[in-house]
Amino acid sequence: DLPLVLIAGPCQMESRDHAMECAEALKIMAAEAGIALIYKSSFDKANRTSLAGQRGVGLDKALPIFAEIKAKLGLPVLTDVHTEEQCVIAAKVADVLQIPAFLCRQTDLLVAAGRTGAVINVKKGQFLAPWDMANVAAKIESTGNSRVLLTERGASFGYNTLVTDMRGLPIMARTGWPVIMDATHAVQAPGGQGNSSGGDRRFAPVLARAAVAIGVAGVFVECHPDPDHAPSDGPNMIAMKDMPALVEVLMKLDATAKSFPVSID
Amino acid sequence: DLPLVLIAGPCQMESRDHAMECAEALKIMAAEAGIALIYKSSFDKANRTSLAGQRGVGLDKALPIFAEIKAKLGLPVLTDVHTEEQCVIAAKVADVLQIPAFLCRQTDLLVAAGRTGAVINVKKGQFLAPWDMANVAAKIESTGNSRVLLTERGASFGYNTLVTDMRGLPIMARTGWPVIMDATHAVQAPGGQGNSSGGDRRFAPVLARAAVAIGVAGVFVECHPDPDHAPSDGPNMIAMKDMPALVEVLMKLDATAKSFPVSID
Amino acid sequence: DLPLVLIAGPCQMESRDHAMECAEALKIMAAEAGIALIYKSSFDKANRTSLAGQRGVGLDKALPIFAEIKAKLGLPVLTDVHTEEQCVIAAKVADVLQIPAFLCRQTDLLVAAGRTGAVINVKKGQFLAPWDMANVAAKIESTGNSRVLLTERGASFGYNTLVTDMRGLPIMARTGWPVIMDATHAVQAPGGQGNSSGGDRRFAPVLARAAVAIGVAGVFVECHPDPDHAPSDGPNMIAMKDMPALVEVLMKLDATAKSFPVSID
Amino acid sequence: DLPLVLIAGPCQMESRDHAMECAEALKIMAAEAGIALIYKSSFDKANRTSLAGQRGVGLDKALPIFAEIKAKLGLPVLTDVHTEEQCVIAAKVADVLQIPAFLCRQTDLLVAAGRTGAVINVKKGQFLAPWDMANVAAKIESTGNSRVLLTERGASFGYNTLVTDMRGLPIMARTGWPVIMDATHAVQAPGGQGNSSGGDRRFAPVLARAAVAIGVAGVFVECHPDPDHAPSDGPNMIAMKDMPALVEVLMKLDATAKSFPVSID
């Protein structure tokens, strides 16, 4: 049971300068807190609620920026992929390829991602039970890839609402793969603002704390210098200035949680 | 308010002979019942619960068979697409391209499908509220395509269970697009058999009758000569021999429903 | 399979004159439509969302009014009971005692109601699966009472929302007891207006039509001369003037449904 | 923010000796752990899934036993009430009267309980949103009673399943009343065994840890020397021998949680 890992960054890559600023701030924060950090950003938001939503800088522009973050800051980077073609290209730079929740059962995408040899982080679909993720992981394992992460990001609960079932975390952990809690997407209100997804960032620390107390391997937290003006997921993202206090309490809870591991066997 | 349309056929295309046999049987049944028929089959099941699930004959083999069905039987055909690339190819033969529920928010796929000019049938995601389908339809409409169908196939309701909210049908109809009830997928128990999705075909007529009484434009019913031995969706599909009785009652309910249209405005 | 029965009336008894006016209007409407009618009203709303909600005239004042409705109009009457003590008293006049949904698992109440010999209509709790109603019915059957009705009124679906699973109707019917669709409570938004329950009466006909097309024994529809100014359940109740058109389409659907009975065995 | 309180005991009072044995064992455990303890047991299980379920010793027999526990062990005691009449009687001995979840909107019961002046612990209904508990608390507050506890015990999530939304804990805390996490009822599978409720006690520590990490005032844990042979809630109750380890980790998490209070304002 290794110490908690933090996957963090702004929802979408907005520009080279914005990305470097965020990555540097997170690196400093993580170093001070003594937490391992993976930098996250999306080059494309492929499933926005409405056509008018901004989609990001695109794969071509994003890769050199990710490369610069890796070279200058020494941070591993994570980004999400939406097609088989993107897997090979993104894996040239990204350490972790992420499969979006809506796509978590698309066999060809899982297999293409797995074949790159990158770490594959699959988000559990909002429509999936936690035990169903064993079949999802098996699709990746079939490629010989042995580095899989499984991420909880909430389940459908009525309309425009997600709920996180904390029992799902140890259930997914029975696969043997590390389990990550995505605390900021789990507080989304999907489609809840008519033409975009709403959410409530005040509850992201609530879910992160709960998950860490159970002993998750990592937390995924989207954060932004100015979330209220971010092009996507603004209602959910944590303000960068609030990250140190959040990480501090999570680290303390993690130390206790890892000393008293949960067992459901 | 036009009379009810039937979209029917086996879940996946199994072989040329199997497809022709099903299509002919359905054509005769539909002619006797006086119902318009669209023949449905998938060339690829791209999101099976587990890797071991059979996926179908593939696009290359399927297209000539669809072409033969159109030529010999005069039936319009519907098939589903999973990537942008498949849209153009499938649209050369298929009259209706269907967007799977899990993919209903993938902007590029919706736009690529819309651009083909084919009729586009989008299944509502299990994670989506009915009012959110207006944004989905708008992505297709942005291409200038003005032939869209919206299909209900159940919403996530706890784990491994779907529920169909009949209020969603008139809500989706407010977009102005015809609404289809997919009665056989709505009775799925997703992932409910561990390595495959379960379901209960006995309830498909229940949901079909309910939806028709509200005045839907069409019903989508997967059917098979021997559903218990079908390679996918067997637990949900209606036996071919039970189709005439189902269609008979649906036609009678439809006549009443269309004479007394529901209005929620 | 007998023809459809209608249980209708204003949510709560407001006064003697109001009750007589409603009952007379409903009697005339039912006679013209040729549908059997049971008059419904509550003497006490014992579980209002907030303490400020009006509760009704009380049992003492209600009983003579119910007696007058029975004597003058010849209508059977239904009212709900909340304690064991109320059962015996209410049964002196009421033909049908109704167990509220929240109380559907209170053993002593079910047994006390059953012992009166009145017809007992139990509403399925918003927290109950349809198959669980067999245990509820058995508590009443244990008293020797052999006149039980089971009513669907929606299941919890996320927060402040109900959904009606049409599969539940034939599932409950397997008990052998007649199944009623409560179309107006099923469109409630419980607690949805902060200090009171919201709802949307436009969808009550949607659910009623769907249920009748499946073959329910009866529909339960709260109605009011002026629902927007009713003391409770105003958002859900159907305007009295809209009842004839609703009953007309339900009768037509019922004739078809009863000719083609659903079987899930 | 006071340290964590533990409400614990067997689901139902089985006999005087059984109760004393449980209470003594819990008192010793709590003293060693340094946690405040309230002893919990039900004298009557009034809403068993089926009529055949055992209901407990009854109020008359239970009160002297509760009195003995208070006198000999100095423990405050909690029991649940189901009717207005029981409130006054139970409050002669019980320090805390508990309102069962199904009954949490029954105005007369809440008011009768509040009037006793006892501490009132209301369980949130499985059908209620956390923000709706403000109206419930207000019914008690209307009596002048200023000692209210609000307890989370899971919300309906599909059929025969509950889910605990951790966001509900701070939402309920906004009322100003202490919030308790009922970890063992929240893992129930209501009606899940046909004639009784199932559940899975392995997840009770998961939910307790999560809730404590957020900063709840107390945890409610039913426990039993031999849960697999208990007359009710056996599948959920924690074995008495497993309580010390659970309490130890909860106390450590609580110390961290209370040092870093969650704020959602």
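Note that the chains take the letters A, B, C and D in the order they are written out, and that residue 1 is the start of every chain.
We take it that contacts are C-beta pairs under 8 Å (C-beta built on N, C-alpha and C of every residue); 3 or more make two chains touch, one makes a residue touch a chain.
Given the structure is predicted, the values throughout are model-derived calculations rather than measurements.
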> Quick one: which chains contact subunit A and subunit C both?
Replying inline: B, D
> If you list every residue number at the subunit B and subunit C contact, are more than half found on both copies (same) or fewer than half (different)?
Replying inline: same
> Where the centre means the average of the CA atoms, what chain is farthest from subunit C?
Replying inline: A
> Roughly how far is subunit B from subunit C, going centre to centre by Cα mean, in whole Å?
Replying inline: 36
> Just how far, in Å, is the C-alpha centre of subunit D from the one of subunit C?
Replying inline: 33
>> Where in subunit C do residues touch at least two different other chains?
In response: 155, 157, 159, 163
> What residues on subunit D touch subunit C, complex-wise?
Replying inline: 46-51, 55, 82-84, 102-103, 105-108, 125-129, 131-132, 135, 138-139, 142, 155-156, 159-160, 190-191, 195
> If you look only at subunit B, which of its residues touch subunit D in the complex?
Replying inline: 157-159, 161, 163
> Contact residues on subunit B for subunit C in the complex?
Replying inline: 155, 157, 163-167, 169-170, 187, 202-203, 205-207, 209-214, 245, 248-249, 252-253, 256-257, 259-260, 262-264
